[in-house]
Amino acid sequence: GCSNQSVAKRDVLSADMKSKQITWGVKSDTRLFGLENIRTGKLEGFEIDLAKAMTKEILGKDGKCVFVPVTSGTRVPLLKNGNIDAIMATMTITPDRAKQVDFTHSYFDAGQSLLVKKGSPIKNIQDLNHKGAVILGVSGSNSVKNVAKIAPKARVLQLSDYAQAMTALKSKQGQALTTDNGILYGMASENPGYEVVGGNFTKEPYGIAVNKNQQRFRNKLNWALARLEKNGTYNRLLLKWFGNVKGFNYQEMKR
Amino acid sequence: MSMIEFHNVQKYYGKFHALKDINLTIDAGETVVLIGPSGSGKSSLIRTINGLDPIRDGQLIVNGFDLADKKTNVNLIRKDVGMVFQHFNLYNNKTVLENIMLAPRIVLKRPEEENRELAMQLLKKVGLENQAEKMPAQLSGGQKQRIAIARSLAMKPKCLLFDEPTSALDPEMIDDVLDVMKDIAENSNMTMLVVTHEMGFARAVADRVIFMADGRILEDDSTAKFFDDQPSTQRARDFMSKISGH
Amino acid sequence: MQNFIDAYSWVNVRFLLQGLWITIEISVASIICSFIIGTLLGIIRYEKIHYVSAIVGFIIDLIRNLPLLLIIFFTYFGLPNIGIKPEIIPAAIMALTIFESAMVAEIVRSGILSIDYGQTEGALANGLTKWQALRLIVLPQAIKNMLPALVSQFISLVKDTSLATIIVLPELMYHAQIIYGQNTNYIIPMFVALAVMYFIVCYSLSLLARYLDHHMA
Amino acid sequence: MLEIISSQWPSLLSGLWNTILCSVIALIGSLIIGTFFALLEISKYKVIRIIGSVYVEVFRNIPLLVIAMAFFLIVPMYFTKISGFTAGTIGLTLYTSAFIAETVRAGINSVEAGQLEGALANGLTTGQAMRYIILPQAFKVIIPPLGNQFINLVKNSSVLAFVAGFDLMYEGNMIANDTLQTIPTYFIVGIMYLIITLPLSYYMRHLEKKLA
Amino acid sequence: MSMIEFHNVQKYYGKFHALKDINLTIDAGETVVLIGPSGSGKSSLIRTINGLDPIRDGQLIVNGFDLADKKTNVNLIRKDVGMVFQHFNLYNNKTVLENIMLAPRIVLKRPEEENRELAMQLLKKVGLENQAEKMPAQLSGGQKQRIAIARSLAMKPKCLLFDEPTSALDPEMIDDVLDVMKDIAENSNMTMLVVTHEMGFARAVADRVIFMADGRILEDDSTAKFFDDQPSTQRARDFMSKISGH
């Protein structure tokens, strides 16, 4: 165990209250959720907006958020090392992960789906459960783990990011690309020759991860999330980011 | 019959004029010694003869082939014109025996049996028959040079060029090499052109002595004239008085 | 084709250039640090100081034999465990410096060995101490001999900064990823741009080295 | 740490195997290609020399990651489908071959000019001199730097992780992501790399001393 | 007063016994020539004197310092004992003038003005006053060696060691170097120990001639005895007959 005593002992909530800022680990390369705007250099996306709103909720009007870009590979070690206070980076709540970190309630109920070339014989995940089938995913994401369970005979190739996975799909390195539906719909809209098929075959509830032994902080985050859901902020952000995504039924996700 | 003919040969290194208007004829079977101060062009001259260095202008005919002609295959000349270098240039990755047998095998396609026999004979001639399996690095300078001579002889050349064959040797090894060279000069009708400062050797075996300075041939005398009378140029007399005794 | 035209919009190119600038800054900082540290380590290793040289040598060997990717992970994720918590850019510079110093140390050691020992003997016999001989006579000559190896090492360093995208260092490669994150169709134009930009930087470095080599007496 | 090893050793071992396989293939390939381009670079003809040095400069000055990606993503789009392992191995081969070309060229140049002259004067052609005299000596000189190239190659093979090449680093990333035990996982991966590279580098040092 | 004293000195390279039981005393002001076949240990002997090579056993006292004693600071000896090498070992990264001025500046802290003056004086003495700003690579071997001698002299040593100072030189350059050495031997009271095969030089300036073979001193004769009578050992007589004339 390489856990760090000082990080474990530190009470994140009171420290953040005192410094009036929360440090969030967020995605910087994922459309709709967290992506750097190359004109302004600022991060933008649903998760970014939600993190800002939650920060204000917890720390008040003058509360500040600091965003640290993370990837699926770096988010947990950064949290454990104390570089960041919380992760809001398309992280699916799973029992395995819950052993390492604590999750808040889900703040976004994604589901996993498939992106294929239009006209492909593949209609759902079961069509891929045979030897020789190759599914593309992004390393560190929960979706690749799910595929291994649901279509164990298929081979999964894990790439560094969605664009690489999408390009690999175009290069026929695999028959289908799997990840969470929101991301897939975004890619389908840029690439007219491709479509999302088969509906959601898993539930992927995204949660905010905090370190173990930070119950007070987690509770506070849950409390803030609930308030935002109640006062309509949550739905407003959902509309802002997913209202125009073709094929994505954001109405279902309203809270 | 002449083995080597220089007609108005000019040689340059870039802009530097290394050989100036060389005219020289060496007949088959002659032994010629070439002397001169450092940088005078002795090596340059000798290296043009087997095409290691190109000439700019003039005519150079060796063993009947015209070296100034681009179409001439220098390998045909090199088969018949051997060369012995100051620093031996033995093949470091081959045994002594292999050093001698390699070129005859792949250039002359000499049968293996015959090749080995001749090589051993040559080793005996240079007094090193028991060193056949050694690597060059295990030999002293004097031994290396004798192997280099044997390697050249194995090609049965008509002409041998020597570029300061003893000047990298410890003094007590020089005689062994000179003895081999004397033997060749006296007991074969090889054409020999030798750059050396060993005046005792020159006197004993050379038919002619050529003196160069600044890229020009200043003297081309019979051995008797050069040593017993005196060189005709002041330059050559100065040079001789400087090197005498070293 | 349209993808290329769109991908190379001024906004995107400017963003790439910003990334390139960070790449250059980080490379220069790491080159300077690793040159100083690597030279010291190389000398320690060359001098055969009891124990010290052996230990330094062993650490250098460990580092040299690990993929840089792992060194980056260990620096960024491992160091906080011993109480050092560098920001991303210092962390990247540290990781590169640790790795490249080990490489430079070996170059320096063999550079020193490449200088004829007669140079040292001449200096010793002339009354200089070992250190004076090393500093005044041997090292200046060794640096010249080392230049080609050093430059190719530094070219590797520039290219290697791209590996630090893995910890989200905002350098050139990362900026390209952000751009093609906006639109997956931009990925190939971005890789082409990456190849060209890295090539220009690295090749200029080797031209510089060639220039120095000719103009250093 | 032990639990990672015990639960993940099949993937670690298969990763190790792929890393070794890729390194060996890339080594052989890059030796052949590198020697070929080294010979081009020392040719008498300017055009051929330029072809040689363009090749070397291009592959030396572009990050391996970019080269490997190009083979993984672009080549299949226009030519033929290749797996991540193949794409990575090809990329690694070409990248390394540029360095090997430089090493071989330096090796050839380090054989004293006298060796070539001796062979030419002895009647051999330039090609024969290369084959029998120069290259054998050059290879002896370059064994230590080649060893270092090989160690670099093993380390660089970690680029396969970016193109789903199922090498040691790829498996390490997977395990780290699955177990979220980042540092212990990479520690194990590091040791596995050292198992390949450390003995190699000590052997190279030994050889270097022996040949010196 | 003695400058150098060897008492039963033994030297090894690994297991190889390079100097066997050396006993030798050289007085201040003496000029001694050391000869012997290759590998006999001449370089080894001379290099122990200024501590470039360590001795295993025995006593070696140079200028009053005991070299066998670990506590002796060899730098104190080297200040007063200069050395000239076969391959010159000039500082390749410094100009001729800097080569001469460097050690006096940093070892003796000689004032810059005085240092430059002396350096120029020495350059004049060795006949190279117009080469001060050249780099070593631009000089001929003979020039390099004269600079190396000037560099040693700039330290104003009490003793100078020469290890085959002319054997890497072209023959016509040898005299220039030997002339400088003769000048030192005759016009200063420097102690000189010279390894050389130049018998003319030995005869002209040496007080004593020492002959070594196989790591032992076989002869230690006055110059007159060695050259005019004959060396007493067969080994030395053989050697002399072999090298005479080269």
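Order of writing sets the labels: A, B, C, D and E. Residues in every chain begin at 1.
We adopt the following convention: contacts are C-beta pairs under 8 Å (C-beta built on N, C-alpha and C of every residue); 3 or more make two chains touch, one makes a residue touch a chain.
Just so it is clear, the model here is predicted, and its values are computed rather than measured.
Trainee: Would you pick out the chains that touch subunit D and also touch subunit E?
Mentor: Output, common partners of subunit D and subunit E: B, C.
Trainee: Counting only C-alpha atoms to place each centre, which chain is farthest from subunit D?
Mentor: Here the answer is chain E, farthest from subunit D.
Trainee: Starting from the Cα centroid of subunit B, hunt down the chain whose centroid lies farthest away.
Mentor: Ranked by distance of C-alpha centres from subunit B, the top chain is A.
Trainee: Can you check how far apart subunit B and subunit C are, centre to centre, with Cα atoms defining each centre and the answer in Å?
Mentor: Taking the mean C-alpha position of each chain, the two centres sit 52 Å apart.
Trainee: Measure off the straight-line distance from the CA centroid of subunit A to the CA centroid of subunit B, and report it in whole Å.
Mentor: The separation of the two C-alpha centroids amounts to 82 Å.
Trainee: Give, as an integer number of Å, the spacing between the C-alpha centres of subunit E and subunit A.
Mentor: 80
Trainee: Measuring from the mean C-alpha position of subunit A to the mean C-alpha position of subunit D, what distance in angstrom results?
Mentor: 38
Trainee: Can you list the subunit C residues in contact with two or more other chains?
Mentor: 77-78, 81, 187-188
Trainee: Could you say which residues in subunit D touch two or more other chains, in rising order?
Mentor: 69, 73-74, 182-183
Trainee: Which chain pairs here would you call touching?
Mentor: A-C, A-D, B-D, B-E, C-D, C-E
Trainee: Within the complex, which stretch of subunit C touches subunit E?
Mentor: For this pair, the touching residues of subunit C are 116, 118-119, 121-129, 132, 136-137, 140-141, 144, 217.
Trainee: What residues of subunit B sit close enough to touch subunit E in their complex?
Mentor: Residue positions touching the partner: 37-38, 140, 166, 170-175, 197-198, 200, 239, 242-243, 245-246.
Trainee: Hey, which residues of subunit C end up touching subunit A in the complex?
Mentor: 11-12, 15, 76-78, 80-81, 83, 85, 88, 166-168, 170, 175, 177-188
Trainee: Any idea which subunit A residues touch subunit D in the complex?
Mentor: Subunit A residues touching subunit D: 2, 72-73, 76-77, 96-97, 100-101, 139-140, 145, 157-160, 164, 167-168, 170-173.
Trainee: Looking at the complex, which residues from subunit D come into contact with subunit B?
Mentor: The touching residues are 112, 114-115, 117-125, 128, 132-133, 136-137, 140.
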